[in-house]
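Structures incoming, each one as structure tokens.
Look at the two complexes coming up: chain A is in both, with chain B in one and chain C in the other.
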Partner chain A sequence: MPAMTMIPDLDISGSQSTPIIRSDWAAGRLTMQGDSYPENSYDLFDQVIAWVQGFLTQESRPLRLELGLVYLNTSSVKAMMDIFDLLEEAHEQGRQVSVTWHYDPRNERIAELAEEFKEDCSYPFVITPAKVVP
Partner chain B sequence: MKALGEEGLLERVAALLADPRHAEHPLREALEALYLQHRDQQEQLERLMSISDRYQSLAREAQQVTQKRYERALKRQKKLSRISDRYQALMRERNQTLHQEAHHDALTELPNRRLIDERLAQLDRGGRRYTLALLDIDHFKQINDEYGHDVGDELLVAITRTMRQGLRDYDLCGRWGGEEFLLLLGDTGLEEASSIVERLRTRLAQVRVASGDQWLSVTLSAGLSEHRVGEPYLTTLQRADQALLEAKREGRDRSQLASC
Partner chain C sequence: MDLLSMRESYQRERVMLCFNGPISRSLIEEIGKALRNYLDTQQAAPAAAMDVFAAYIEMTQNIRHYARRQGYGDDQASATVAVAQDSEGRYQVSAGNLVETPDGQRLVATIEALAGLDKTELKAAYKRQLRQPRDEASPSGAGLGLLDIARKSSQPMRASLQPLSETQSFFSLTATI
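Let's look at the complex of A and B:
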């Protein structure tokens, strides 16, 4: 049996306009944090979506998303909705998936926005205040 | 009823054709041909109808799928716009906060130097008449040294509050430096400005701030200068600053007017 093509892990260091994106295939974890208003969000998010799709099709282990996203532009919002839809589909097929969205408690508005994203998701989607480093 | 009648007639014809008594009848062969052709046509018609029904139900299913997809896309689009709008509102508020913070002093919430500079430049461009007054709290450093910065800050806030109450809506009062305030009195000449500042200084001298079991109060010195037509506001400001220095030199707790 030929080995399945493993999708390389993502390790994108953030910038002022792009989030830090890291994936860990072995741990079944995808982390995204920071602001996201890239000039070309398709370039950025296509690789993320490909990684999620790859993991969900090639593995049967649980997948966990750890998010610390703050500001998102419209195309980033769309990309996140696409990712959450992928998780929803997988969940409907019995896969174990979850999202934890950490927000700065000084900015409750971000929690409200995370709630909007959560609306149609039937899998565990936790929105939790992050510990503030003084 | 029609179908039953037709089926009855066909059964009758079939029975007649099957009857051996009519085997030699001259019309039998023609009737049999007609009978068979009719049966064929009937069968074809039924097949046609069943194909047509299947097409119709397929088309209906396809339409329902399209409708569902459309509804889902619409829902997604609405969700996307809703979230996006909220992010935009968030950014707008953040911008306003930043703008407020960039133009105001954090402690007293008074306009800071940047905002005052912008306003003065505007006045210069508009060619409007105004008088500037620089006010400085006398011996403020001693308050900070003896009673601590908290008391000093409290005093600044209390002074600010009284200063705001004592000014007209169109006057601008900003924090120019540590214990220095700048009043921008629009459409006001030096004399009128002087009486406004004197009234204000009297009220400010009555401001009391508690420190332990003591009540502290301060006096302020002021330097005033009226803007001369055509000169840049920095020149007016320099004269006000010079007048303030003179007021300090003359013994503080007084106003000094820069000569026009």
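Let's look at the complex of A and C:
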């Protein structure tokens, strides 16, 4: 049995200015949904970065990010870029990682934001319109 | 207090929303919520509404970060914020705060330099700034917010600096979305 120091899963309920964040170590999945504009994003995202780092170091299974992020302030953009960079590094070492970003097709800004992140990633990064409930 | 003249000035400048005073984290959120609701009732396009909201957030959070770094008390850590529409219906987001004059002069110079960049150059500068090492002293990354606002603006941002004392000035910034 390998020594395991499994990092506890994240289950962060969202607020007006912070997204819902859930991780599932067993499934190899991290989900984030909603707006993110806290004053100091790293107060929130440091634990997410630690979870992603932990998973990528301790596991060899694929990691999948499911995102439904909407508005991000620049502080959150910087933190998200750090997360995508971790995935890029892992991908370059042969790991299977992917991002799916669901956006509301009524607001093209969200897709544009996702596209800019995608420009710096060479792993599968899918930007897909979410079904709109009329 | 002459509320009527305040009202007339707001109407003349087409001010939709304004605030003056110490600005807390929760106030930024509450005013932001009011702004979003207002834009929603105005049936602003979702992308335009998000750009206005983004400019408002970056400006007010910059003011909070600056006041904290300077160790300003509540009376000095206040902001003057207004969201208006110009005569062509474009949204204008303005924010002003007290600064040390040399800091204000640097800011005005930065904003004047940004005015000379086109959208492609602004994007390149934004991405370069994003790649700067994370600075614990200024968690939001100095300049990134301004670049973000510049990218969302339909015309160059306008900044001004008016002296208040020997050492301090009032800095104000307007972005047209």
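Some points to look at:
Basically, the second predicted complex is superposed on the first by the 132 of 134 C-alpha atoms of A that agree within 3 Å, B and C clash if a C-alpha of one lies under 4 Å from a C-alpha of the other, contacts with A are read in each partner's own complex, and residues count from 1 in each chain.
By definition in this document, a contact is a pair of C-beta atoms (placed from the backbone, for glycine too) under 8 Å apart; a residue touches a chain by one contact, two chains touch by 3 or more.
If you're wondering where the values come from, they're calculated on a predicted model, not measured in any experiment.
By the touch criterion stated above, A:N40 is placed in contact with chain C alone, chain B being left untouched. More residues of chain A are in touch with C than with the other of chain B and chain C.
With both structures placed on the common chain, the touch criterion links A:K131 to neither chain B nor chain C.
After overlaying the two complexes on the shared chain, residue contacts for A:M81 are found with chain B and with chain C alike.
Looking at the shared chain after the overlay, A:F117 reaches chain B, while chain C stays out of its contact range. In the superposition on chain A, contact is made by A:E108 with chain C only, not with chain B. When both complexes are aligned on chain A by C-alpha atoms, chain A residues 71, 73-74, 77-78, 81, 109, 116 touch chain B in the first and chain C in the second.
Of all residues in chain A, only 16-17, 37, 39-42, 71, 73-75, 77-78, 81-82, 104, 106-109, 116 touch chain C in the complex they form.
The touching residues of chain A, counted against chain B in their complex, run 71-74, 77-78, 81, 109-110, 112-113, 116-117, 119-120. Here chain B touches chain A in the complex through residues 76, 79-80, 82-84, 86-87, 90-91, going by the rule given at the top. By the touch rule above, chain C contacts chain A in their complex via residues 25, 29, 33, 46-47, 50-51, 53-54, 57-58, 61, 64-65, 123, 127, 130, 134, 139-141, 144-145, 147-148.
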